[in-house]
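Two complexes are shown next, each including chain A; its partner changes from chain B in the first to chain C in the second.
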Partner chain A sequence: MPVTVARSLDDALSALEEHPNALILAGGTDVMVEVNKGTRPVEQVISIGRVPELQDWEHEGDWLHLGAAVTYTELMGEELSSLVPALAQAARTVGSPQIRNAGTIGGNLGTSSPAGDTLPALFALNAILTIRSKTTVKEVPIDEFITGVKSNSLNPGELIEKIRVPVLEGPQEFCKIGPRNAMVISVASFTLLTDHQEKQVKSCLGTVGPVPIRPTEAEDFISGEVNWEQNTVRPEVLDNFAALCSSAARPIDDHRGSAAYRRHAIRVLSRRAASRVFSEEIS
Partner chain B sequence: MSNDFYTLKVNGENHQVLDAWTGESLLWVLRERLGFPGAKNACEEGECGSCSVRIDEEIVCSCLVLAGSAIDQEITTIEGLAPEGELGDVQQAFIEAGAVQCGFCTPGLLVTIDHLLEENQNPDDLTVREAISGNLCRCTGYGRILEAVQIAAASRRGENHE
Partner chain C sequence: MSDLKTETPVSGPRIGESAPRPDGVPKVNGSFAFSSDLWHKNMLWGGTLRSPFPSARITRLDITEALLIDGVQAVLTHEDVPGQNLYGLEHADQPVMAEEIIRYEGEPVAIVAADHPEIVRRALNAIQVEYEEMAPLTDPELAEETDFIHPDGNLIRRINLRHGDQEVQGEIQVEGIYEVGMQDQAFLGPESGLAVPGEDGGVDLYISTQWLHADRSQVASCLGLEEERVRITLAGVGGAFGAREDLSLHVHLCMLAMRTNRAVKMIYSREESFHGHVHRHPAKMWYRHHADSKGNLLRVEAKVLLDGGAYASSSGAVIANATCFAAGPYRIPSADIEGVVVRTNNPPCGAMRGFGAVQTCVGHEAQMDKLARALNMDPVEIRIKNALKPGDKLLTGQTITGTAPVAEVIQTCAEHTSTCQESTDPMSLPGGAGRTADPEHISRGEAIAVGFKNLMFSEGFDDFSSALCQLENGVATITCACAEVGQGFVTLAQQITREILGVEEVILAPAATQTVGSAGSTSASRQTWMSGGAVQKACEEVRVKLLEKLAVEHQVDIDNLVLVDGQVTSLNEDFTISLEEATSEPLEARVEYRHAPTFPLDENGQGDAHVSFAFSAHKAVVDVDPELGLVKVVELITSQDVGRLLNPLQAVGQLEGGAAQGLGLAVMEEVLVTEGNIRNASFTDYLIPTALDMPPVEIAAIIEQPEPGAPFGAKGIGEPPSISSTAAVVAAIREATNLELPRVPVRFTDIVSVEED
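Our next item is the complex of A and B:
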């Protein structure tokens, strides 16, 4: 049986135990592009897109548990966009309606592309992944899961079951630059979260390094400058924040944009995101 | 599912797919094995939407669906929008508005728009543009397609138009 259409998590895990190197198929929006081109061998396939445990999500106290097969369309829905606005905004920029109906957050993680649009929000949220095989389960922080350009720490026989992120109090923003409006791979992106409980700004740069980058110096700087009662900052703080974010970038030149352009884009996006989240104090 | 065949339900009828290669896309199987040439192949990488079909309640690119994984689902193609030899309301509206030039994008758009109108019989311009943002048309410039959507929407609301 070359294709197993799993109907439960246990189905999927048993099939994976039998065929540890099987191709895990969720929405297929990355996998099938390669299969169609003939660059991805297909022998055993385990389809997990219709496993209820993986399609579900649950809000529990201060945490949100997202099944790996939650689609972009689901992430953009009313409930999830109020719980994790930055993730929903990122989902909103992925591909087209057709791609968002099929593509999943687990697939974005599985591909581990530097341009993966959900990754920066997951890094900023310090997401924890539940990685499961038939006989083992472990929790892996996102920055240990993603290990480089299109590489991650998943072993044969394992799958991503869930992604756990905190539900924060405070506005969030995701900004992305690409060559046009619909169906666009990121040239640079910026995610900004606020945590009014901890009085902290958390952010992440996308597509300007081999893996998403947390600009920690910029985060510490702006967190100390925000007037958390009023939710305001002085305009020069925004400028300095943007400069620090841009200097944290490690972009490359490629056919989508030059390193210099990407660095500049981060400066613009980070200032824009921060000025949407905080009002500027008038001096 | 056995080695030699699997069954796909297309437009309400079961079809057996025999001796297929595991990696075949739904688009390929529909067109080359099952005799549904309506969905078109223009890119095979999810960019153009000309292969759009409905699976259960969602529009997807059939070129990105592994055919063997689409068992036990309701697949609707352009051929399923109206009985053989008849035109559905969206098809009729496309003709009225002159929304077809080369026609390559048309089946995908029709499936997409039919689904949109099922959910929303009074879509505003932005909603329509968003709904068809995954269906590229290189000929018409979209003006007449947008017009056709409104004609079809009006007819679904039971309104007459000139």
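Our next item is the complex of A and C:
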């Protein structure tokens, strides 16, 4: 099968224009599993793992621009983990060192799995994707990009160029449950961001619905209850927040975990995450 | 001998010294050739079509379309099996390819050879099979009252063991029901091999296996060939743990090679591998223990039910172990144990490290803890009080004549103090990389368990190994068909040879059926004793031949000749000759080695059925997050009875690896089967411990009490580490949670109870 190894973004876009239905190959950690299984017929491949423009990231004012081919290992690095801690923590939970060296954030978006570990953080951050073809460029908010279980709004001829996320002031948390202590597919995950400037809590539930879920009611509730000066919160607020998060979940039963356990897990994780970033007021 | 001066002392490791594996570095750097790396000029690729249903009748099987595909060289079905379309380790009850009835998901239906793996895939898709699905028998408890799913019936074996006075009742009685899930051996190298047609109408098969000669007799009978015309050579084995005792692609490969008259290679995918080998038997166990008020065990009653799956494999021997060792390494005067293994439409089960003793260890150790609690006794004390010792009788009535340092393994393991600290970093708490817990969410538990099993084959089986030793120009060559599957025979054979012949260089010839007799299986912790014994005996015979020859040739007193460091020297005469010179004409010895005979169990499960026993204890320290049901094993401490330590480095490897496998069964490893279908046939969903799951193994003690009758006094050490580790981990989780946890693996929903939606 013909493979184009793109050396520049323009290379990649030209190849895509010529073969709009070609398979885009980044780290290959999802693609090769399917190819080896025989469930992914491949006619034409465009490899983007060596496109410098896609491997770069840039911190500009309040924004961070991440090239689609930025790897998990890079996300976990010192600089990025101080800018987007939740994303870095999520990256650390992905696979093994080998997978993290190869796998990319763009690939996680491309696969659009309900268990994709960077997606909840990107939802909570209201990430904006730059989608480019040879002739067009557009910005798509993450919740319009991901449209369902393993489906997204990418059209033939397009690729994800970069992902733009705000750099927030305040602690962030990502926690993920799996039946093993590392290298495991998420059974449920919880992301919590604090925005001290806007005095807002943003959060997202992972793996408990077809797409990541923002528990907006819970976010609004806790944002209004936090003592932003002291960075504290009353214990019963944490309990209510956890209950609201858990009731926003829409989990399913599968061989990795029951719906009931997943809902329970969201309650526990959301409470713990919130009590990591806010001290509990002693009543 | 210390005052003997020699010019070139033997520097290679001898008995008792750490011998690094010759295949260690190549395996790490990727240069080791596994069976999946085999290649042959002009070779074809093979593939297997499997039933998607666990129970069905084939109503139509049409291969015409597949045969029309360009590049397809053969498509074969059961009709093409040249000999008997049945094989099996104990009973030939499993078809090479299904004839009409499908008995488990993944049962082979047709095989293909083609020019390229992609063409194989297309050909398999082009074979048309129509099935009439039938209701699968999936509940082992219903097997005996359900219509036969196999002409041999649904009962594979029942043993009713009755020992001592059946009227005994204990003042204290504890009861429990325990369950063990289906574990997979999870070797890394999937089934693979290469068959090359022979000019004599026979076939050469290169394959990873545990027992070359047992493969040969089964393959020959399926191919309708004399055994001599089936030549099997061991290819690089990527782990075994019992999963390579049964045939998998052996006959298929040979059939395709013989039909196409070309070499054929086949490799199972990971998913296919889960259907291509047997698993550890899931178990349901009921126990009632009786003790007096001082904690002396008086009687044990138990029923052990194993699910054998669709075919017998080695189920008969597994249930014998589960029955004989059902109550653990304790002195118990009265017992009534029923062991049953049945046939179902679940995946076939058979051999796996620990072989029946793993499941029952989960049961008997939980019972010992219950008993300790009922008596308000220390769990270590009650175990030591009842520990078996030499001269005691087993439940089978057999008296232990060898060593049995049971109290020693328990004591040393219990006394070894934990060195692990309280963890604070979320990464090292339960949940690991997922950072789900903080220290205040964690509760810690610690517990001990002890287990044992037999070494070598039992119940009157004619168990032997063969070896050939050749000594020429001072270089020894050992030929033995012992399958090296990672256990370390390759270093051991050299160590033994150096020890006895005083040579430096020891060549190990390939393990193959055509050069030497059977070595028996690399299982049952038997090869150190059996093939080690055969190598020892062959070397001794060569040594005697050499000394006799020299005594005659040089007129020296044979009793004063010693063979050390590449020289033969007389202790009282002025005579020295280099081994190289002395063996310019080759000497050789070909031997068979047998262990002491064993005897069948009688109708009450009584008899001297076993040769020797090995014991181990584990102490586990676990952290549990009770609210999320997540577990982290923070420390495993072990003591093991080894007879004598032959290769310390290898022993540590066995103790660590076995404990990892036991930990896996305790907290994560399970083949999930619903209505006969495997739901997690991949390493994405069949989870084995990672570096974040497996703590360091602390070896509290390696107990060396030489075993009478064993070569060098050494016992096999491969299986005990995976027996008591599981029971220790689950007991520690019980301690941390105060939950009963009667089932392994412990799932998060066993620890946290959640309301169903």
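We take it that the second predicted complex is superposed on the first by the 282 of 283 C-alpha atoms of A that agree within 3 Å, B and C clash if a C-alpha of one lies under 4 Å from a C-alpha of the other, contacts with A are read in each partner's own complex, and residues count from 1 in each chain.
By definition in this document, a contact is a pair of C-beta atoms (placed from the backbone, for glycine too) under 8 Å apart; a residue touches a chain by one contact, two chains touch by 3 or more.
Being a predicted model, the structure only gives us computed values, none of them experimental.
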{"item": "Side-by-side fit of chain B and chain C on chain A, or clash", "value": "clash"}
{"item": "First (chain B), second (chain C), both or neither touched by A:Gly178", "value": "second"}
{"item": "Partner chain(s) touched by A:Val5 [first = chain B, second = chain C, both, neither]", "value": "first"}
{"item": "Partner chain(s) touched by A:His255 [first = chain B, second = chain C, both, neither]", "value": "second"}
{"item": "Which of chain B and chain C A:Gln89 touches, first, second, both or neither", "value": "second"}
{"item": "Which superposed partner A:Phe221 touches (first chain B, second chain C, both, neither)", "value": "neither"}
{"item": "Identified clashing stretch of chain C versus chain B [9-17, 27-35 or 81-89]", "value": "27-35"}
{"item": "Those residues of chain A which chain B touches in one complex and chain C touches in the other", "value": "36-37, 96, 181-183"}
{"item": "Of all residues in chain A, those that touch chain C in their complex", "value": "36-38, 89, 92-93, 96, 173-185, 189, 255-261, 263-265, 268-269, 272, 276"}
{"item": "Residues on chain A engaged by chain B in the complex (per definition of touch)", "value": "1-3, 5, 25, 27-29, 31-33, 35-37, 40, 42-43, 45, 47, 49, 73, 95-99, 101-102, 181-183"}
{"item": "Chain A-touching residues of chain C, taken from the complex the two chains share", "value": "121, 269, 271, 430-438, 441, 627-630, 632, 668, 672, 679-680, 684-685, 687, 689-693, 747-749, 752, 754-757"}
{"item": "Footprint of chain A on chain B - complex, ascending", "value": "1-3, 6, 22-23, 25, 44-47, 49, 52, 58-61, 63-66, 68-69, 71-72, 112, 130-131, 133-135"}
